[in-house]
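In the two complexes that follow, chain A is the common piece, with chain B as its partner first and chain C second.
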Partner chain A sequence: MDSNVNHASAVTVNQQLFKQGAEARLFTGSFFGRKTIVKERFSKKYRHPELDERLTKERMRAELKGLMRCKNIGIWTPAVYFVGSKSNTVHMELLENVDTVNIYIGKLLMGCVDGSCDVQCTNKLKQLAEEVGITVGKMHLAGIIHGDLTTSNILIDTTNVENESTKPKLALIDFGLSHVDNSAEDKGVDLYVLERALTSTFSNIPWFFDIVLTSYRGTYTSGGEEVFKKLEEIRLRGRKRTMIG
Partner chain B sequence: MVIVMGMEGSANKVGVGIIKDGEVLSNPRKTYITPPGEGFQPAETARHHQGVIIELVDKAIKEAKIKPEELDVICYTKGPGMGAPLVVVAIVARTLAQLWNKPIIGVNHCIGHIEMGRAITGAQNPTVLYVSGGNTQIIAYANKRYRIFGETIDIAVGNCLDRFARILKLSNDPSPGYNIEQMAKKGKKLLQLPYVVKGMDVSFSGLLSFIEERYNSLKKQYTPEDLCFSLQETVFAMLVETTERAMAHTGSQEVLVVGGVGCNERLQKMLEQMCLERNAKCFATDERFCIDNGAMIAQAGLEMFNAGVRTPWEETFCTQRYRTDDVEAVWRTD
Partner chain C sequence: MDFDFAEHQDNLIRKLYTNVQNTAEIRKVIFAAKLPFTLINPELVLDPFQLSVAMTKALYNMKEGSMMTRSFQTEILYCLSPNKNITEALTSFGSKENDSTFILIGEKQAFVQLEHQIQGKEVPLSEVSQFSKEDTIKQMYQIPNDELQNSTLLKSIVSRISSKEFATG
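Right after this comes the complex of A and B.
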């Protein structure tokens, strides 16, 4: 790092809150001229201080590892610029002109009458579903479990989405619950989390997740089938639970 | 003016409640209590319910100061729950409906918890944390259905508490969870336990087997009070965290906690604290309405009755598996 640079002004954080997630506050800022997101894991007053400290540290570590591992295998993730280990902050690249997939699907469906899509909207959704399947398939092939694979944690580049011939460009974020594991179980749970995030919010496009699964299995040919079987088992668990025993 | 009788007995509690419009007129309940270290089994539980249900009906009617003729509809729990106890209640409900010549409505138990909570607290459109012996779900309403955003991928949190209480041989009277709560108040030392959240889902089976396997050595270093304290701090933090994640995901600013575990004051405190930090509102009720009871079935039944729902005679059976999101919430107009 250039020793002549004045750190106080080279690294800035805007006071105004950018977003409040479940476990962190996000601010915008800059790092040596680059626009950043500063994700601050603040302590949760509701939980025991020892537990809080343990979880915060675990998740900081998991977030950094997850972002790096995904970047290494060619998945688009924000670059990490700086880690404040005392303040529990990560300064990372601000991805500009993006929507969460959650918001994006909502916008697409809003343009359709009665929630039933026209051809153009359907095509966009299909392309998106395929790309989601490919991205998650790649990640699982590398043994990375996301741990919180909801549609709020997948971002889509909105600069070129109007163009039908270009594939949607997706980024993965929020790796605080991620870990490395090659078991079909954890991968199945990742898919289950994604499925429910989709079906609970967008109940009128049940085919969306089917396309995700098809392209997932097409990408992750060595293990996708086994994960798919596991997913079916996990879905049943929710329905078969009993209170005896 | 609509007067509804609701009958519930899907697990070890059996209750009869009478509601007039939104007002609870009576709500007596009895609990089948097993000795310390033992859970309740379907056949014995059903027998218990059989023995007390008629006196509960009598009591509910007397306390409500109404005559059976004044009832507009009889509602019973259709499921989910344990088969044999469910059947006991359904048979009595069907018999009374015939005898008094009233329409009948089969109610989803989980919906009963939600609608009772909404009615008592006045929460409009909350994210619901439903925590009991058989269920652990994070629910939000959209498009005529209560949709499940998160849930346990193995055992329910109440089941985890109850089985833990059995390891420690705590009393089941009035409930294992209540006794854990009292002991936890005196606990100090936090034992590090497996903490498992996956997105909006939780898992408790690993934590339970962790304690099961090590109990003999753990009890040398930790008092039973410490263990109760550690268990509560850990599992409740998991519940609050996933609830908060669901709120962040849906943009919701209200939480309602329902189900037997929901009357735990430590859990309620933690939810309130979480809400305070994100400018949201927290709603909870006490054990009269959190723990399974007849009025909650009457309240959901009232909503259904007003929306024109009646259960045809051929469909007045029970079902052990009956998902919250299987029900179309026709009474909700938002």
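Right after this comes the complex of A and C.
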């Protein structure tokens, strides 16, 4: 009988750091035999202790709220296994066989001569761009603002990417700056952050973000247009800032 | 990070009983002698992992002094629930007088006092899904079909259990 499960090492966290972010440390671990990512938000010594604790808690709350809301509307996000409210840690499902979209695009382009894509590579990029637009469109349609929509916070399932006929499967992560709002301005900022992340690293495929936008507007038909107008305003502001700065 | 508390689960047993003739009596014995056991309604339990997630949370709350209920036994029921309504958690996830199937969780050492009194058949806990009701579970945890495109029912359940204080409200 399995009624007496051996829990001696039910919850483990590997001491070796997996990733060090600006506000969080990530470890790998396990939770009842399932592989985990443990995201620990640490305090910022330069912040006032009370403010620091409040901000840390707010980020953790935002992370869980955003993640759960996206999950609720069918977007792929890690499962949550345990939240340490005292230590500000979230033990979540480790998504396996994934690349960040950033890494994945880089890998695709590496296979192309001079960064000019061959047909197969172009097709894959197009499919990816389309799926990114759909995912972000869905999220915005549901009134969720990601808050840090970089290409490192979108993951792609690499198990089936060789197959041309299956759509890329994307996950969203890192919701610490997310909030619920229907502001077109905030949604525009999400898109702007994504655009900047793409163009700063992959300047040779400017059409990629155009496809993202087209499929975004096709998915988010009720408000995508308005967000697109905001995006154009934000771009202009951004340009002015860089001219002054 | 210190997860010693999770090891306390070593002192706990989890058993699934079916065809029980005397659930009402067992409940009485537990309440009267204040035995450290809780009886759970298996209709709302999809998998033993769901219990592990709720038990870990209940142990953590106990260790941190942040329990929402009076005992570890009721805290497990509260932790299983996706919302913050204590009464509702206890009635939905606790077993009822006339139930003939239940999951028993409690302290290993004290089990001898109870075991011989249960008139029923023990089934491996891994077979709990035979007794669970997916539609009732989806309703209880408010899991829409859309969500299951990119999640499993079990992952959606445990995510709600572990994030409820943070993600809801």
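Keep in mind that, in the parts below, the second predicted complex is superposed on the first by the 225 of 245 C-alpha atoms of A that agree within 3 Å, B and C clash if a C-alpha of one lies under 4 Å from a C-alpha of the other, contacts with A are read in each partner's own complex, and residues count from 1 in each chain.
Criterion: a contact is a pair of C-beta atoms (placed from the backbone, for glycine too) under 8 Å apart; a residue touches a chain by one contact, two chains touch by 3 or more.
Remember, it's a predicted structure, so these values are computed and weren't measured experimentally.
Touch criterion met: A:Gln20 reaches chain B, while chain C stays clear of it. Once chain A of one complex is fitted onto chain A of the other, the partner contacts of A:Asn72 are limited to chain C, with no touch recorded for chain B.
In the overlay built on the shared chain, the residue A:Val193 is in contact with chain B alone; chain C does not reach it. When both complexes are overlaid on chain A, the residue A:Lys86 reaches chain C alone and has no touch with chain B. After overlaying the two complexes on the shared chain, residue contacts for A:Asp148 are found with chain B alone; chain C is out of touch.
Those residues of chain A whose C-beta lies close enough to touch chain B in the complex are 20-23, 44-48, 50-51, 54-55, 102, 147-150, 152, 177, 189-190, 192-193, 196-197, 199-201, 203-204, 234, 237-245.
Listing the residues of chain B that touch chain A in their complex gives 11, 39-42, 81-82, 133-135, 140, 142-143, 145, 147-156, 158-159, 190, 192, 195, 197-201, 233-234, 237, 240-241, 244-245, 247-250, 269-271, 273-274, 276-278, 321, 323. Only residues 1, 3, 6-7, 9-10, 13-16, 48-49, 52-53, 56-57, 60, 64, 66, 108, 122, 124-126, 144, 146-147, 149-151, 155-156, 158-160, 162-163, 165-167 of chain C touch chain A when the two sit together in their complex. Remark: chain A residues 1-8, 10-13, 32, 34, 38, 40, 60-61, 64-65, 67-69, 71-77, 79-87, 89, 91, 93, 169, 171 touch chain C in the complex.
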